[in-house]
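Dropping the structures in below, format is structure tokens.
Below, subunit A partners subunit B and then partners subunit C, in two separate complexes.
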Partner chain A sequence: MSEFLSPKDLPAALAARAAHPDYIPVAGGTDYMVASKDRLPPPGIINLFGLGALTGVTDLDGGGVRIGACTTYATLLGDARIANTFPLLRDACREVGASQIQARGTLGGNIATSSPVGDSLPPLLALDAVICVASSAGERRVAYEDFLVGYRKIDLAADELIVAIELPAPHVGAMQHWRKVGTRRAQSISKVMMAAVAHLDDGRIADIRIALGAVADRTVRARATEDALRGSAPSEEAAKRAREALRGEITPIDDLRSTAEYRLGVAENLVRRFVLSL
Partner chain B sequence: MGHASNSSEEAKAKGSVGKGLARVDGAAKVRGTARYVDDLKFPGMHHGLTKRSEVPHGILRGIHKREGFDWSQVVVVTAEDIPGRNTILLIEEDQPALVAIGAHVRHVDEAIALIAAPTRALAREAHGFLDLEIEEIPAVFDCEEALSAEVNVYGDDNILKTYLIEKGDADIEEKLASCDHVVEGLYRTQAQEQMYIEPQGMIASWGEDGVCHIIGSMQCPFYIQKAMRALLALDDDNLVVEQAVTGGGFGGKEEYPSMIAGHAALLARKAGVPVKLIYERDEDIAATTKRHPSVVRHRLGFDADGTIRAIDVDVIFDGGAYLTLTQVVLSRGVLHAAGPYKCENTRVRGRAVATNTPPHGAFRGFGAPQTTFAYERQTQKAAALLGMSPFEFREHNMLRDGDRTATSQLLEGSVGSEDVLRAVKEVAEANPLPKDDPATSIRHGRGVAFYFHGAGFTGSGEARLAGRATVALAEDGHFEVRSSSTDIGQGVQTMFTQIAATGLGVEPDAVRVPTPATDRVPDSGPTVASRTCMVVGRVVGQASVALKNRIESWASENGFGDMPLRQAATAMAKVEGEISETVQYAPPPGIVWDDETYTGSAYPCYGWAACVIDVRVDTDTYEVAIDRCVHAVDVGKAINPVVVKGQIEGGTLQSLGWALWEDVIYKNGKVANDRMTNCIVPTFSDAPEMHTIIVEEPFANGPYGAKGVGEIPMDGPCAAAAGAVEHALSTLVSSEGFDALPVSPEAIQRAMRLDS
Partner chain C sequence: MNIEVTINGESRSIETEGHRRLLDVLREELGLVGTKEGCGEGECGACTVLMDGEPVNSCLVPVGQIQGTQLTTIEGMAGSDGLHIIQDTLVRYGGAQCGICTPGVALCAKWAVEKEPGASKERLRELLAGNICRCTGYQAIVDAVVAAQNSSESSHE
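And now, the complex of A and B:
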């Protein structure tokens, strides 16, 4: 049997984490429970779900928000700031699992699992999220792209917990776009995801951030594609350049859910469609 | 006074057939009080687990209990522990219950040993310490490759069964050559998982009296009884098979439950305690039967005016490693292969081939969806070639009352072919497809399918089965319907309640339909083949009327003539003991079937159906969304229209799922996508709004005119969906990209790529 710890506050949680680096911190448990059938139980579990310090959305100076790591998708879906300022994240949360999963699954949990098919991850990357990590020694802040270090690997030490996600205010007038392509309409694991944010200046793409899911070992920014588009008018010609750049920078794989050819082709089409929509 | 209340009771009861009575099993299922097999516990019960081959083809050389585990904690069963014949008896005795040492292993998930332990965790641990020694030999996984017989799986040539249907005197090649046009197509369909909500499971226990009691999730208690007689060397007095509340079957719980029942019984026998054997979802997906993959070559010859003059079909089904029900599935496949069309010159050849994959078996539609997909793709292509509307081509060629089928069966009555096609055509024409906007990625398309499905067992099958049902007055004063027909979610208990209530002239709540056990019910035949309402429902109705008549004559003879039926029955039972009536099914006269030449009355009657599917294809993601689904089905009579609509709409979605999303991926003969997250079936979100039209052309020999409905909705929507995608992309794709299922986004992308 695993020991089950339910710390009462953040210091207690961080102390438990430091004392038991081999225990698994669990937020909503929606990933953990699915995988538990096929592996030995861990020596212990640190339950973080419902911990006040890790839950809820607060305003940041300058129009951004700070989201507690254990905030559920359901909470995010009911939050007017998320809907108004970060519709990209709202749209992604809406397509996670079903109502039961949305009521239990958390943003921090999705980041910690760091599956290449995590549905909330491309929006965070496209929105320039900063991950706030804490240990008993203090808090540090990491750009989300740097936090992703490999296949299901994140920059988190054995005594640290993810405590919050900060989203800076997007540029005024920026377009946000989300598209999940799954194996079916609901309850589906993604085959390709695209989160994109862009704004125009004088008819040209002043800035664009494109994050893709399910096309690499982790959620990735399509940097070369962005570079190919920045400064251009959103035309078929620009879209063509973007497709070529994208082909050069992602190498998706075949698996049980789809094919490399499909993932690449669809990612190209989605980028093109986004460019033409600007 | 009594008389008045009797007649008002009768008036209400008369309304029962044809009304949408709420499901009698519904409340318990919604409240969670229904007891499925995994909810049942018996004192001292152990948990069973199956040790499987993991090698697709080989010879079992040894079973070794590795050291490091205390084997005294568990019971291990091998083929040596079988008291009877080592077989899962159904049609042939080719499939063993457990592979014996020295014998062949023929698929990766073949059962070799069984373990029972006080807990599941301990059984799992023992499973890890049990080693199999198998000498691997080359395997074959493709049914066309298996025809070359380089690897021998079954007999000398791997052919499990062949059929030939021939109609017309002329040589088929000459006849085809004389047609103005011949459309030729090669169609492939994939395996399909039933994905019933409740995985398979059984509990077996042996009483001190030597009686083996088996309870579990099943469609056919008497199939299990037959298999257990052989495996356990028991007679029927020492064997009771009981259905627990069952969460779906779709054919998947027709034959495989005999395997699990046998395994649980062998474990319980050796362990001396009850043993529960429940499959995990992954084990269930990997090991149990699926729809037969198929390869169908179809040639359709017709004249410039659209008249079909010659049909030649070659059908190959992949049977998997053992025969199971394959020959019967292939039979239905070939009997439907020429379609519901008039044609004087027809040839259908069918072969079922053995491969080293887990055996394929029964699945709603039972061979007909595979051949329906082929002939309805052909019809669409023929109409397009002639520039005829898809409705006009079908109307021109359809079978009508008085016509003869490919087996020369004369259709007499209950032929709703014109009605169903007209019904969907009217809705389709009133709702034209939206125009495509080239600035968007969306393309619209429409597909049509028209098909039939033989209800009940083939040929003289129903006469051989001689199904019986009993209606009795139970001790608590309810009328009880006793049959071996199982409610697996399709509404049998509700439908029997309505038929019996109407026959008896009582209110539905006076009737009860318990789950069957072989010691309490007569053998009504299996719950398969769209036969339960038409055949068993018929005898339930007859028994109800017979019982009512008996009670009424007793009542009038004994001076209780004014008494309501239930009261009179109770009074009669006090004097006469339990009162019941049992009726055996009498097939309609004039059914003549020749099994040698495959000619004559293949089925007592047919259901008829047509559907129109409108799709939206997103050319960015190659995803297909269904915008409209209009489906008209001639069911003879809808005993409960709500249940019938549920059957039609569920079957439609299962067919659309098979067409667009579902696939079973095998790697080295093993199912690779054995989870609900990767073995994709559609959800409510994928289901279109359905426009379902019930057509009633009564069948004289069915209860109140009813005939089969369970399977027909599975047959045709797949072809309409593939046709709709082809239509949507007709300006973009000209290849035959939609002749293989599933028409998945990946397949659509490939088709578009090949053409660009």
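And now, the complex of A and C:
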């Protein structure tokens, strides 16, 4: 017998998680149901979809937002705050799946699956997201970059759930930019994603955050590239320095050399175009 | 587990395991075989049903999640006075050929037209992008949905 639990609130969900570390939490099911196809039934499921405490977008002091882990793409796409303040995330969500996937797929599910080609991940990284995680023992907050620990691996214990994603308000006048090259079907060869946020001060790049998807085992910040750009005017010359820095910090995977070279080339072009657009 | 749900306006009580696919429970337990299986992986939309008004792939919904919801399957789309306008235009414009995609297309189109009554052809294509059709080349489907859109606009006036 495979048990199906629908906890009524967050404490009940966390208690279920603590009591049954082998049960699978399921939100929209759009990753889980594909992965579990033609497998034996799971020992149990902890259903999270629609749980009030995990659903919806709320305002934070200072202009940021808190997004419940089980908030769907459809809800995010219908939210004016996301559209106005975080167009980067809106643009990425728009491209996820089709209507049916957007109606069920959740942000927390995308983060937990942590596919190197997950669409929401580069925007969350570039927007300095904080992941709020809870267990029966309490809540902790982790910078998203630290939450990503390996190929499809996140810093989540067997008794924890992702509760929410917090996005601080971007700097006034910051430019947000989302680009995805290649199709999902061809993802193993050609997909490269870039999310970038930057603002200028006196004609120079005061701050810049660049997150890349599908160029490494996990979504990564291009920190050396950012350092090479900070303080410069957005010129061809700065773009050239950024390109060299990017070559230095993204390591091609040996047995995928040609693919890695190709991806690096695409990533360089994406960064260059973003810099020149500033 | 016991599941209480409203399907096509009728209250149902189902005894089954919650991890099963909604698609299988509809077809095998409830005899609602109008819902079709194509890919079984969320890509084709043949298994689309409306859950609390939203289009979902029933191959991706563990049936325990339908507890307390309102479902519409293709069997519930026609009214007592005949076919739903979208079913009617799909037939008239040749938007249904082999018919495998049609239940999903019809339900998703109903949702799309109600959600965005003024949607352009391009936007309709986007909203229906999760419903794959190997027969019609989509033009006939889009024409049918536009015709349904126009006639429901005129019936509101």
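Definition applied: the second predicted complex is superposed on the first by the 259 of 278 C-alpha atoms of A that agree within 3 Å, B and C clash if a C-alpha of one lies under 4 Å from a C-alpha of the other, contacts with A are read in each partner's own complex, and residues count from 1 in each chain.
By our rule, a contact is a pair of C-beta atoms (placed from the backbone, for glycine too) under 8 Å apart; a residue touches a chain by one contact, two chains touch by 3 or more.
Quantities reported herein were computed from a predicted structural model and do not represent experimental measurements.
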Is A:181 contacted by the first partner subunit B, the second partner subunit C, both or neither?
first
Considering only touches as defined above, state whether A:259 meets subunit B (first), subunit C (second), both or neither.
first
Examine A:80 and indicate which partner it touches, taking first as subunit B and second as subunit C; both and neither are also allowed.
neither
Check whether A:26 is in contact with subunit B, with subunit C, with both or with neither, and answer first, second, both or neither.
second
Scan A:269 for contacts with subunit B and subunit C and give back first, second, both or neither.
first
Both subunit B and subunit C touch subunit A; at which residues?
37
Across the complex, what residues on subunit B touch subunit A?
280, 441, 619-623, 661, 665, 672-673, 677-678, 680, 682-686, 745-746, 749-750, 753
Looking at the complex, which residues from subunit A come into contact with subunit B?
37, 179, 181, 183-189, 191-192, 256-259, 261-262, 265-266, 269-270, 272-273
Complex contacts: residues of subunit A adjacent to subunit C
1-4, 6, 26, 28-30, 33-34, 36-37, 41-42, 45, 47, 49, 74, 97-101, 103-104
Subunit A-facing residues of subunit C, complex:
1, 17-19, 21, 40-42, 45, 48, 51, 54-57, 59-62, 64-65, 67, 108, 111-112, 127-131
